[in-house]
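These are the structures, in structure tokens.
In the two complexes that follow, chain A is the common piece, with chain B as its partner first and chain C second.
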Partner chain A sequence: MITASFGQIFAAAQADVMRRDAETGYKGPRPERGMASMMRIALAALAALMIGPAMAQAQQGPLRIEITDGVIEPLPYALPTFVAETGDAGQMANDITRVIAADLSGTGLFREIPESAHIQRFGAFDMPVSYPDWQAINAQALIVGGVSMQGGKVVVKFRLFDIYSGQQLGDGQQLAASPASWRRLAHKVADVIYSRVTGESGYFDSRVVFVSETGPKDARQKRLAVADYDGANIQYLTDSSTIVLAPRFSPDGGRVLYTTFETGFPRIKMLDTRNVAATLLPEIPGTMTFAPRFSPDGGSIVYSMEQGGNTDLWTMGVSGGSPSRLTNSPAIETAPSYSPDGSRIVFESDRSGTQQLYIMSAGGGEPTRISFGEGRYGTPVWSPRGDLIAFTKQHAGRFHIGVMRTDGSEERLLTASFLDEGPTWSPNGRVIMFTRESPGAAGGAQLFSVDISGRNLKKVDGVGAASDPAWSPLLP
Partner chain B sequence: MTFAPKAVLLLAVLGLAACNNPDKYGAGNGVVDPGGMYGDNGISQGSINDPNSPAYFNQAIGDKILFQVDQSTINPEARTILSGQAQWLVNHPQYAAIIEGHADEQGTREYNLALGARRASAVQEFLISQGVAGNRLRTVSYGKERPLAVCSTEDCYAQNRRAVTVISLGAGS
Partner chain C sequence: MDRADKIGTGVSAVLHLGVIAWVLLGGSWFKPKPSEPIVMQEVSVISEAEFSAMVAAAPKASETPVAEMPAQPQPQPVEQPAPEEAPVPEPQPQPMPEPVAEPEPQPDMSDLEPVEPAEVTEVPPSMMPPVEVPQDTTTPDFSARPVPKPAPRVAPKPAEAPAPDAKVSELAEPETRPEESAEPEQVIEEPKEEAAPPEATTEIVTEATETEEVAKTSAPASSARPRTKPAKPAPAPTETAAAKPAAATKPAEAKPATDAVNDALAEAMAEEAQGTGGTGRAASGPPVTAGEKEALIVDVKACWNVGALSSEALRTTVTLRVAMNPDGKPDIGSIEMVGYEGGSDAAARQAYEAGRRAIVRCGSDGFPLPAEKYDHWREIEIVFNPEKMRMK
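Up next, the complex of A and B:
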């Protein structure tokens, strides 16, 4: 059974991937180098772009999509197919190389120079780099790697070179995993490269839990599923016998909270990803509970409870204990999200007459409204960096995914469509994934992602019809 | 008008499917019977011509009322239908009911769950105010998960912003 193998794979993969600095490579001090600092400037420019249009929008009244793109030139890199260092590693070397390239180029920040244009060919991992050969084809970064099979493990080693400064960037590294986890190895290599070049942590070795959808629009079948961030390795966590909604990972990725109709009513269930066992959380009889999210320490949850038609926010410990009320108003309070430090909660409420965003202390108390643009704002999600809040905005019959600062300033819309909703942050806070639904009787939901700059909008391939994505933390 | 034949067809198909589900509140029927919209919960529907039949309740009185965008206010037309529902329930104490609240797709998922709950609760309160014992009524919200009409225009949205009173045998009587 597919679901049964999930926990084993997940746990095995976590324990399996070992990383150690290789003995090889540059060991000296690592000052800021040309390539890295250039990319940092580029990212800073992106941040600056975010501010500009938002200010313009505030002056113009109605918010309009002003997605600035094409400003940043992607960094050209060369990634020769990793050298197969044992006779049986050829296919693995090729596959791992292609996944690294897909990760890097998929960000929109990097552009691969095709191997057919390469002048220097690496017959061995330790061959000296001929910088002029790479300068001649305008490569700014070069990644050289080797793959071998050793004692039933795949071993990958790689080095990153800064072509214009003519030096290796950072130490060489070596990673090992079971063959089943080869994609994770590739993602980890790409994360290291991304991190060295941008100065930020990566997000490729991560997973997304979501709702897989089949069937007609008026009888949609839904089941929980999890896949790598790029849509590979899809695995199902529930069957489709009942409606399931809006899953969320625990901070350590080991558990998933979601809403299920298995009792006939919305109830919160917590699933252990290691053995795929799930248990209903306690509820007060006669109520509906939904929209659960973990606290950053994983010890408690915040969620919505409906009583007599009114929905408020509550919190309770994950291992029991009586629920305690956080809001007390006749309005709808739902879609909560903790700040990364756990001190505050952002949520949506229609207490003003329409859905708007509010922030309150994690213990409750008087909330502060932060959304003031035209239209309705919902599904706020605090970024892992703590600086931004992503949201769904509805205005003039369109849906948008947007971001704003935690005080509500510098609002910027990243997308526009018939129906976009439910943003989730990449572990490094640079990318947002969300649900995009197409209209009409044959309409369906798909997962999309977009940079917080509004660039690089694309569909997540490989997961089929899907909704309600929630990104995991970076895997250990 | 164009929806009428489709609705009849749906009714026929779902009527069959729902016969397999003996749960009082239609537990787990989210797949076989979309939202339990026409769920008979295992009870005999009878004839629309028989005022004591669930079929009469569903079709002659009307099991469903509609709402304005983002509202849970019961309008005069809905009030008439609900008064009929209440009277029938008072006269047929052997039945219980579950009230389903639904929303159209023009809203975010969790907000729509809460909005559907508001609508179901508004119906419940009205029925109670008309003399139906509260312990015979339960509410559930499906949010935007179980639309009745599947187009993406106001014609369909108006049909989907609804509360449906699904009667079942026995609870609390």
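Up next, the complex of A and C:
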């Protein structure tokens, strides 16, 4: 404010006199300069009286406001069917466009503007964009692409435009693959678009390994299967001769750990997804091993081992070696999951009397309990970003999938149903997939996914009855 | 009536009122609860003969439970359909062995070739062809870009140039003029250095280019219409141009009184302006009211969509500055991020884009701002703080 104007000016005038004295080295009285000084001070005071009020009214600088809440709605985008640049690419262009749209709209973060509403039509990939036409239909992003068949390969090129800034968002890109992999091409395009708009990496070009289930509840047959994240391209990895449980991808997506009952007791097997060859991991005779998971570097696994009626956590090198114990308590410790940096492990234990979540160092040691809410907590999984832990919670006869910070704070329940369990994170840590089982004799397990905001809960189509999903990393 | 009578009357009145109040209210307050009405059970008397007749009829009851039993078997037939339902997907298990034997043809991921960004970017998409503006008719000869003014230091020719505008700096004038009596060439050169800088430009014009264009630079007559909004370069250059000659021409000794006032004013102004980063231009008229600010906030937040923001961007607060046109519409080209906190560069960029979209979308029809207070909102800083929008 300007309230100090007069004082400041008066002081400034006095200071000016003193400064001049200092400059000239004058220290004595100044009879002949007294008048001048007084004059200056008087003038300064006058100026203050005249200008002060005017300045008090004036507002300096820009008007400043703060917006603390806005709206949460999907970002409207336009995706004209990609231009077929060669005569034989028409169907492929259409299919690829539809998969991209399904990927983007399926996140719940984007909303496609139907092609019938488009004003500008793209007859060629290089046509200039008429931004007003897209603003008129409230499109905020526009994706333009072209598809061609060249030398037996599908070639896709695309550009992304920010309509309201009237410019291209990032560079255009071109991808090529065999026609059989056209869905991966579409997923890759969608990943790039998602990443440029949201600022975080995508998760569309990824796969999910899960337990495919058939048959009635009391005689269910289970086998391992892998599919695209959206349920397409399902492939079976094992037959249904033995029960299999809890598959987990390796960090590079090339191997899968799972629990099998082929010996009559739970044992851990590792399967190479490239040749579908599975091998039993070594074990101590007379024990049962289950709930395995890779370390972030893929070099070792952590798992539960039951020995003499007590279950503890152990770790072992992937290529063999003697297992080493991580916990040693009479309680049941299971469902271990590494932090992304591999330094800590979160797991569930009933050492407090009920099933709760604990964190300890990756090398073992005294665990710290992090869950303190009502009910029981289980199957914790550390987020790829490292900031959250997803879990299953059972409380008041219902099951929930929830997330909490790694110190147990900010617990949020994302779902609620008769039976939700077994969360797994998308590669970018934005989405959680889990198993939802419906009640009744005819009920079955299905895969569902939900955004970590709790929105966009939806079923994963195309995989039928399924449970125990585990998301792969983004494919190369 | 003496005092004693009054007191007596008063006490009597109070007591009477009390009694009346007790009768009216106390009765209902202290009334005992009415006892619950006694419920009478009607009983009919039957004769012994009737009773024995009823007992004789009793054996029939043993048959009823038998009749109820069949109800339980029923659920079993109901369960039967369930196994039958399941066999529908059952056919699958039969060909089960296949997957094991057949090494799963992993989708040939190897053939997905890496990104080749270069090919697409070669033709940067452009806006629609610009509309042809007939403005060229007025400026056929000149380039739209202003021709740099002659810099006398470079061109030693005295010329007439200094005469018209050279007195921009009042302080310099007394010194420059007196010397004019001497030789024109050198006398003019000196004052130029002191007084002319405000006229000088950042470009040095050589003698070669200077000669003809100098005569032609009657810019105002044919200046082209500004193409886009000039990115407000005006204030800064004029300020520095005006301030410099004053400082340069008169070191310290001139007028102490005005000096002191100037200093004090400058100090006061600086203090006033600090923290706002303002343009230094004093606004006039009453300030924008809280209600008017609120209307602006409501308008902007309606378009601030954070739905597609990453969780990190939702932890980032960004401050955007935008220059406004008098009609309440934002100058799109002027929107800039002046600061952010709480996130990475990438997150800030996403948050900036979301804020920018909000300004552009809702500003396209003009913000509800009072035109008479334009000086107060010619520039707006908007802080987008997504604290309330975070996932909780």
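FYI, the second predicted complex is superposed on the first by the 405 of 476 C-alpha atoms of A that agree within 3 Å, B and C clash if a C-alpha of one lies under 4 Å from a C-alpha of the other, contacts with A are read in each partner's own complex, and residues count from 1 in each chain.
Definition applied: contacts are C-beta pairs under 8 Å (C-beta built on N, C-alpha and C of every residue); 3 or more make two chains touch, one makes a residue touch a chain.
Please read all numbers here as calculations on a predicted model, not as lab measurements.
When the two complexes are superposed, the chain touching more residues of chain A, out of chain B and chain C, is C.
Of the two partner chains placed around the shared chain by superposition, chain B and chain C are both touched by A:Ser240. Shared-chain residue A:Ser453: touches chain C; no touch with chain B. By the touch criterion stated above, A:Ser426 is placed in contact with neither chain B nor chain C. Shared-chain residue A:Phe261: touches chain B; no touch with chain C. After overlaying the two complexes on the shared chain, residue contacts for A:Phe290 are found with chain B alone; chain C is out of touch. Contact with neither chain B nor chain C is seen for A:Thr97 once the two complexes are overlaid on the shared chain.
In the superposition on chain A, A:Ser371 contacts neither chain B nor chain C.
When both complexes are overlaid on chain A, the residue A:Glu306 reaches chain B alone and has no touch with chain C.
When the two structures are aligned on the shared chain, A:Ala441 is found in touch with chain B and with chain C. Within chain A, the residues touching chain B in one complex and chain C in the other are 215-216, 219, 221, 240-241, 441.
Those residues of chain A that touch chain C in the complex are listed here as 1-2, 4-5, 8-9, 12-13, 16, 20, 36, 39-40, 43-44, 47-48, 51, 54-55, 57-75, 109-110, 126-131, 140, 153, 157-159, 161-162, 164-166, 168, 171-178, 180-181, 184-185, 188, 197-200, 214-216, 219, 221, 223, 226, 233, 235-241, 273-276, 410, 412, 430, 441-442, 452-454, 464-465, 475-476. The part of chain A that touches chain B in the complex is made up of residues 215-221, 240-243, 245-246, 259, 261-266, 286, 288, 290-291, 304, 306, 308-311, 332, 334-335, 348, 350, 354-355, 378-379, 392, 394, 397, 418-419, 421-422, 437, 439-441, 443, 467-468. Chain B contributes residues 10, 23, 25-31, 34, 70, 72, 105-111, 113-115, 117-118, 120-122, 124-125, 138-142, 145-152 to its touches with chain A in the complex. Across the complex, chain C meets chain A through its residues 79, 82-83, 85-86, 89-90, 92-93, 96-100, 102-104, 106-109, 111-113, 115-117, 119-121, 123-129, 256-261, 263-265, 267-269, 271-273, 275-280, 282-288, 293, 296-297, 300-313, 321, 346-347, 349-350, 353, 355-358, 360-361, 375-389, 391-392.
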